[in-house]
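Letters are used for the chains, namely A, B, C and D, taken in the order the chains are written, and counting of residues starts over at 1 for each.
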Amino acid sequence: MTGTIPLQYFLIISTLMFFTGIYGFLTRKNLITMLMSIELILNSVNINFVAFNRYLYPDNLHGHFFSLIVIAVAAAEAAVAIAIIINIYRNFRSIDVDKVDEMKF
Amino acid sequence: MRHELLLTAIALILLVTDIMLKPSQKPRIIPVAMVLFSIHTIAGFFPAQEGILFGGMFRATPLISMMKNVLNVGVLIILLQSYTWLMKEENRDKMSEYFILMFSTLIGMYFMISSGDFLMFYLGLETATIPMAALAAYTHHQTKSAEAGVKLILSSALSSGILLFGLSLIYGSTGSIYFSDVALFYGTEPMQVLAFLFFFSGMAFKISLVPFHLWTADVYEGSPINVTSYFSVISKGAASFILVLILYKVFFQLIDVWQEVLYIISILTMVVGNLFALRQKNMKRFLAFSSIAQAGFILLGMIAGSQLGMTSVIYFVLVYIFSNLGAFGVVSAIEAATGKINMNDYDGLYITNPKLSLLMMLAMFSLAGIPPVAGFFGKFFLFTSAASAGYYWLVFIAVLNATISLYYYLMVVKAMFINKTETPIATFRSDGMTRAGLILAGLGIVVVGFWSQVYEFINSLSVGLLY
Amino acid sequence: MNILSLFVLIPVLTSVAIVFTKNMKQTRVASAIGMSIQLILAAILVFLYLNERQAGNTAEMLFTYDALWFPSLNIHYAVGVDGISVAMIALTGVVVFAGIFASWNMEFLTREFFISLILLATGVFGFFISIDLFTMFLFYEVAVIPMYLLIGIWGSGPKEYSAMKLTLMLMGGSALLMVGLLGIYFYSAPETGILTWNLLEISKINIPIEMQRFLFPFTFIGFGILGALFPFHTWSPDGHASAPTAVSMLHAGVLMKLGGYGAFRVAIFLMPDAAQEQAWIFLILTSISVVYGAFGAIWQKDLKYINAYSSVSHCGLVLFAVLMMNQTAFNGAIIQMISHGLMTALFFALIGMIYGRTHTRMINEMGGLMKVMPFLGVVYVIAGLASLGLPGLSGFVAEMTIFFGAFQHTDFFHRFLTIMATTSIVVTAVYILRVVGILLLGPIKNDHFLHLEDAKWHERLSTITLVLAIAAIGIAPLWLSDMINVSLAPIVNKISMTGFEFTSLF
Amino acid sequence: MIDYTYTLLIPLIPFVVFLFTGLAGHKMKPMTSGLIGTTGLFAVTILSYLTAIRYFWTDHVEGAGYSSLKAFEIQWLHLTEKLTINLGVLLDPISVMMLVVVSTVSFMVHIYSLGYMKGDTGFARFYAFLSLFTFAMLGLVLATNIFQMYIFWELVGVSSFLLIGFYYEKPSAVAASKKAFIVTRFADLGFLIGILMLSFMTDTFDFQTLVSPTGPAMAQAGGAAFLGLSGITWALIFVFMGGAGKSAMFPLHIWLPDAMEGPTPVSALIHAATMVVAGVYLVARLFPVYSMVAPDALHVVAWVGGISSLFAAIIACTQTDIKRVLAYSTMSQIGYMMLALGVSGYGGHDGLGFMAGNFHLFTHAMFKALLFLGAGAIIHAVHSNDMRDMGGLRKYLPITHITFLIACLTIAGLPPLSGFFSKDEILVAAFHSNMPLFIIEFAVAGLTAFYMFRLYYSIFWGKDTHYHHTPHEAPATMTIPLLILAFGAVFSGFLPFHELVTSDGLPFEAHIEYAVAIPSVLIGILGIVIATLMYRKVSTSPAKLANGFGSFYTWAYHKFYMDEVYLFMTKKVIFNYISRPVAWFDRHIVDGFMNLIAHVIERSAYLIKGFQSGRIQQYGYVFVSGTIVLVIIFVYLW
């Protein structure tokens, strides 16, 4: 395979995505946006898996399967999360994360 | 595989039954679920086939089925204790969901414990977590419950994200996701340590170790009490089981690293958990923090990396299930009967409800590690395990923390036995199921310690590093 | 059934019986019967023990029974007694018996009270019969924890604070102890042998000296806290002051002895090398406790505080003697434990009875009680005289044995400390006579005291039992001392086998 | 060996009587318990006399010297391999002599008290205590070893405490009993330390072994030095400290005058005749050791004795309470005895002082008991202790008057009364070995005569006091003991002490040395004459004399402020500067530290509560930071 993009590029991208996701999770005030940040994290993981699989271990398919499963699980997670966020909206009339601090200390 | 199949079948049966029942007949689901689950629990104790499935993704050993049985017992007690609460009007039309969600998470845990590779592990983990968020938000009309749900789902998503990132690095560095292969290729290179730490943070979140624990108290407080007790014993127990398994099996090369990690984290966990628990007035929150501190103790068992360590962890979880469910059972019974949840509501409880108070006292003593109840044995073996690896100072700090924890456990005892009040909780009588749950927990607290066969049985199944 | 196991079984059965009693009368009768059986059993044990020794049985421990409990950790339920434990068991039997009768009129939650009290006794008996470190520790904690309820529920004054402080400090002590015991366990098999908790087996090997250096302070202080080692003694005044009568009796009388006994049986016996190296530190601390406790007692105004500080002083003497590490001093330490157990129990019983009548424990609010309650007055004086070491009563025997044991060290450091400790006998006289003078003698200060009654039958029974025991030891100490002496031989041998010299400060 | 095992009964009888009257006394008629006690003592007296006669005369082989023999011994406690505490009966000249003294005086006091204490509420208790004391004192006297002596030493201390505080409702009596006990206890501490040192140097407690010329004690001469004195010297000085405390030697004497708060018969028995001479007896017991290996300690004994006797005599001249005068006189006389032992040598005529000290002990017991019992009769008659309330009593109390006069003459040392002989021997002994002490004692002899006759005249002559009730002579139970003791006081001087009680058991020749005897009698007479001039009639001369001495008189009147010094030491220094700070330290520093820990934990619980802010993002922030910190530690720092 000539002229391919080096593995490092994928890793850099995925790392950037990972930290972007974390940054987003820690700073966005909207619950939905936070959820999206989490998707970023999960996707960075997927990139990792796929890239590792493709570049380092082309003999097996573990990474590919793993990323598929992660996508599926992420979908399930998002579904439940959004259901709960809707519930939050019903109760708090807002999806601002800072409002959701009734319980503390 | 029997555990998983049976439980899946039960969940399906319940689902179908629920569809067929008329709204007025809904409560019938409870006895059905109870009976089925009891059968399942008992069936779990019969010897099962050993071996591996799916090319090594799923493993069944006597040790693993023992772990599942321990969880089953806990869940059974929780189900029994939930009866009064479930029978409330507000829960009438979603009773079966309670069981189905709970069983789903339990199935997830089974798979997690049985996993032979990280993929199965991750699947199990998420199967266990996602329905749990739904359970936390079960009483959806309560803001607290909703808040608990969102806190749990978001935090756990973050933690699984980080864990997954760790897993991807593990895969990258070893080329496999099978435990046995990973163990072979794993070394102490920086990236591998990094990957391990990411993985560990994710697991620490599940066991709620400091500083990954902050969600715990809020979620515990917001969730319905029986769900809380489920979180605090079953979920935590399952996570501890798989952590100890993975540490011993996969990361044994990193033992020097993770022993230090556990050293630091366990001290932090015990201290912070205790400090927070000291000032809690809400019983649920109080038990939440106390369970954080307890998690710190569990690490003391793991740190040994030996058969003794494994045994002590499993045994402690068993003891802890009984003790904590004893405490939660009482809190739950009282909340169900009176709606009171604060510690000072318990003033003078002994005069009006002596049996409940006695059980609560036993549970508190057991949690604090006071003989002759089981908690003492559990703690003692954890400490023995840590000492066997030479961590004497850690043991010392841990026992000091146990002393501090005794302070707040005694505060509860004090409220019930010593404090005087004009308006104690009136005498009440719980229904049969709840009482059965309480008695089961009480029996466990008293018997499991003295009855050394329990420990010896677990020990005969346990193994050390690299089994 | 092994006779020793009965000592644990009977209290448990008694507690169970109490659960089924219907009213206060039945409850206390049940407790009294149970504890009387226990006392008789203790007497039988002493008799059997002496018989066995007479018959030439030279085993280190007699009446042993050994059942494997947790095989994987080699934990046994192992019991056995030698002269020392027999003596301690007899002491416990007497004090518990007296304690039951001293709390005859407990009206509030009677059943619960007696159950907790008897549970406490179970722990104490269990501790003394154990030769397995694990069960020993287990019983140790069993004995400590009912204190919280007993003080917290039935106590007086700042009872909650005191109960909490006492429990937490003692549990802090067991934190140290836990480390010490675990360390001992993991070094109990030198080469590749099987690790063991059994005292006797561990005593046959030598724990590596580096480990001893590390573990000895843990173990010794751990037990020392319960033995009121300065500066970890402050739970004692508060705890005693708040505790109800029988609890103070049991606590000061036998529970504090667990500390001394453990320090001796475990810390010194198993780690003699480190003990000899580090003894000087603790000797300084204990001689401080001896004198300091006595001076502290002078200034107190509350009867129970006086007695609590006096306990600090007397228990300090126990540890002091234990650290002197020779046969005579050990012997003295054991006799002092028994003697102090009896007389302090007597004191607390009397204080409880006086308090029950006058409703105050402040000595300066009382006076001339000898006139209105001559029986209690006389017994109080006897207790006081025993405490200040009058010949013919037990305290004298104990103190003299200790002083003579301690004086065997020929270096200046040890002799100086011994002489310092002996000064306590004067200070003790000062505070005892001060109390007797203010409390019992002189004119009656308060008219309403004129109508107080003297002791009732159960109070007489309780106190006379203790007085008889005190006098018996005081008048004929030889049998007790011989019984202990024989059992000390293995311990002294082990100490002398180690070639270590005492470290002394100067 | 002649069988003396029956002597075991001598201490045991009073013990049994004590137990019986103590436990059952309140159920009997008071007089019954009194009679039981007296009967018991009668038996003891008979046995004692029998023993004395047998020991000194019938069983004695002429010219063989008196050896000491153990009539009985059992093991009491086993201390070390070498040291064993035994209890037993030791008979030798001094113990037999003391046996006679104790039983006689105690018997007299028992009879006397039948009258004196009649009608008192604590009559039975009184007799129980008396029996206890007698038991303890006899046990002390018969001790075979120094530790047994210490045991009974403590027991006499406590019986003295009980008897001084007999009137326990009187605060002054309570205070006095406390003081007596604590001061002697302090002295006993010295005794104990002395025993500890002595026993570890010699490996024995046994008197016979200790005093044996070939025994281990004798090998200790020289020995390790500390502050220039050998170890055994220190040990013996400490032992003497115990003796000095019990015998009220300066500066441990302060309890004795206060002890007069006890009933007068008690003062006669304990604080005049028996217990207070225990110190002398102790030194006499160990005399060979003192004399042979620790002459320095013996000098201490001599000087303490001398100073005490002078000191007490001076104070006695100023006191007005008759019992206190007698108390100081006792102290002074015991000083004499101590001094006699202190200046004595060992063996033959050198042991004159030893013999004289014991002789004086014997005669003093008779006349001092007589004086106290007489004083008791007087107090019984006028219900006051103060001589200023008395006067002219010779008309009302004829028997008391006569016996009291005899006693005064005896103590003043006029021949041929017993006091003359014993005191003369002491002066002779001092004269030959230590001139400064002789001069002191010589002066004290004059002072003694003076203050005794001051007392005598103030009571029986002087002003004619008006009494509320006409004083009347005491009943026969009280006067008969007076007469018997008077007989003893007069004739006991003729006992051949130099043949019976000597330092080495062998008799020696003693005769009156006129060079010493005549001046001493003269100075005694001089004292009497001065007292007669000043006090026979009411006159102003005493006041003038007092003024003449100025502040010295005031100092003496206030007993040289010794009480105040002690009070300062105990109340101020020990209570305020030791005990109180200790109590404070304990509460606030030691306990405060424990509370501080609790407080810190609680504070920190509040300080960290901010972490639990309730915000998911903050939780996530902590989570991520936690991971990063772990990574930094384990990836980069590891």
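Please note the rule applied: a contact is a pair of C-beta atoms (placed from the backbone, for glycine too) under 8 Å apart; a residue touches a chain by one contact, two chains touch by 3 or more.
What you see is a predicted model; the values in this text were computed from it and never measured.
**Q** Give the chains in contact with both subunit A and subunit D, ordered by label.
**A** Chains that touch both subunit A and subunit D, as defined above, are B.
**Q** Looking at C-D and B-D, which pair shares more C-beta contacts?
**A** Result: the pair with more contacts is C-D.
**Q** Using CA atom averages as chain centres, what separation in Å is found between subunit C and subunit D?
**A** Going by mean C-alpha positions, subunit C sits 37 Å from subunit D.
**Q** Return the distance between the CA-based centres of subunit B and subunit D, expressed in whole Å.
**A** The mean C-alpha positions of subunit B and subunit D differ by 77 Å.
**Q** Between subunit B and subunit C, what is the gap in Å from one C-alpha centre to the other?
**A** Centre-to-centre distance between subunit B and subunit C: 42 Å.
**Q** Could you work out how far the Cα centre of subunit A sits from that of subunit C, in whole Å?
**A** 65
**Q** Would you mind listing the residues of subunit A that make contact with two or more other chains?
**A** Counting only residues that touch two or more other chains, subunit A contributes 22, 25, 34, 100, 102-104.
**Q** Touching at least two other chains at once: which residues of subunit C meet that condition?
**A** 168
**Q** For subunit D, jot down the residues that touch at least 2 other chains.
**A** Answer for subunit D, listing residues that touch two or more other chains: 609, 612, 614, 616, 620, 624.
**Q** Chain pairs in touch?
**A** A-B, A-D, B-C, B-D, C-D
**Q** Taking the touch rule as given, give the residues of subunit B at its contact with subunit C in the complex, in rising order.
**A** Going through subunit B, the ones touching subunit C are 308, 311, 365, 370-372, 376, 380-381, 383-384, 387-388, 392, 395-396, 399-400, 402-404, 406-407, 410, 413-414, 417-418, 452, 455-456, 459.
**Q** Taking the touch rule as given, give the residues of subunit C at its contact with subunit B in the complex, in rising order.
**A** 69-73, 75, 134, 137-139, 141-142, 145, 148-149, 152-153, 159-160, 164, 167-168, 171-172, 174-176, 178-179, 182-183, 185-186, 214, 218
**Q** Please give the residue numbers of subunit D that touch subunit A in the complex, ascending.
**A** The touching residues are 609, 612-617, 620-621, 624.
**Q** Using the touch rule from the top, collect the residues of subunit D that touch subunit B in their complex.
**A** Residues in contact with subunit B: 601-602, 604-606, 608-609, 611-612, 614, 616, 618-620, 622-627, 630-631, 633-635, 638.
**Q** Touching subunit C in the complex: which residues of subunit D?
**A** 26, 75-80, 83, 85, 147, 150-152, 154-155, 158, 161, 165, 168-171, 174-175, 177-178, 181-182, 185-186, 188-189, 192-193, 196, 199-200, 570, 574-575, 578-580, 582-583, 586, 590-591, 593-594, 598
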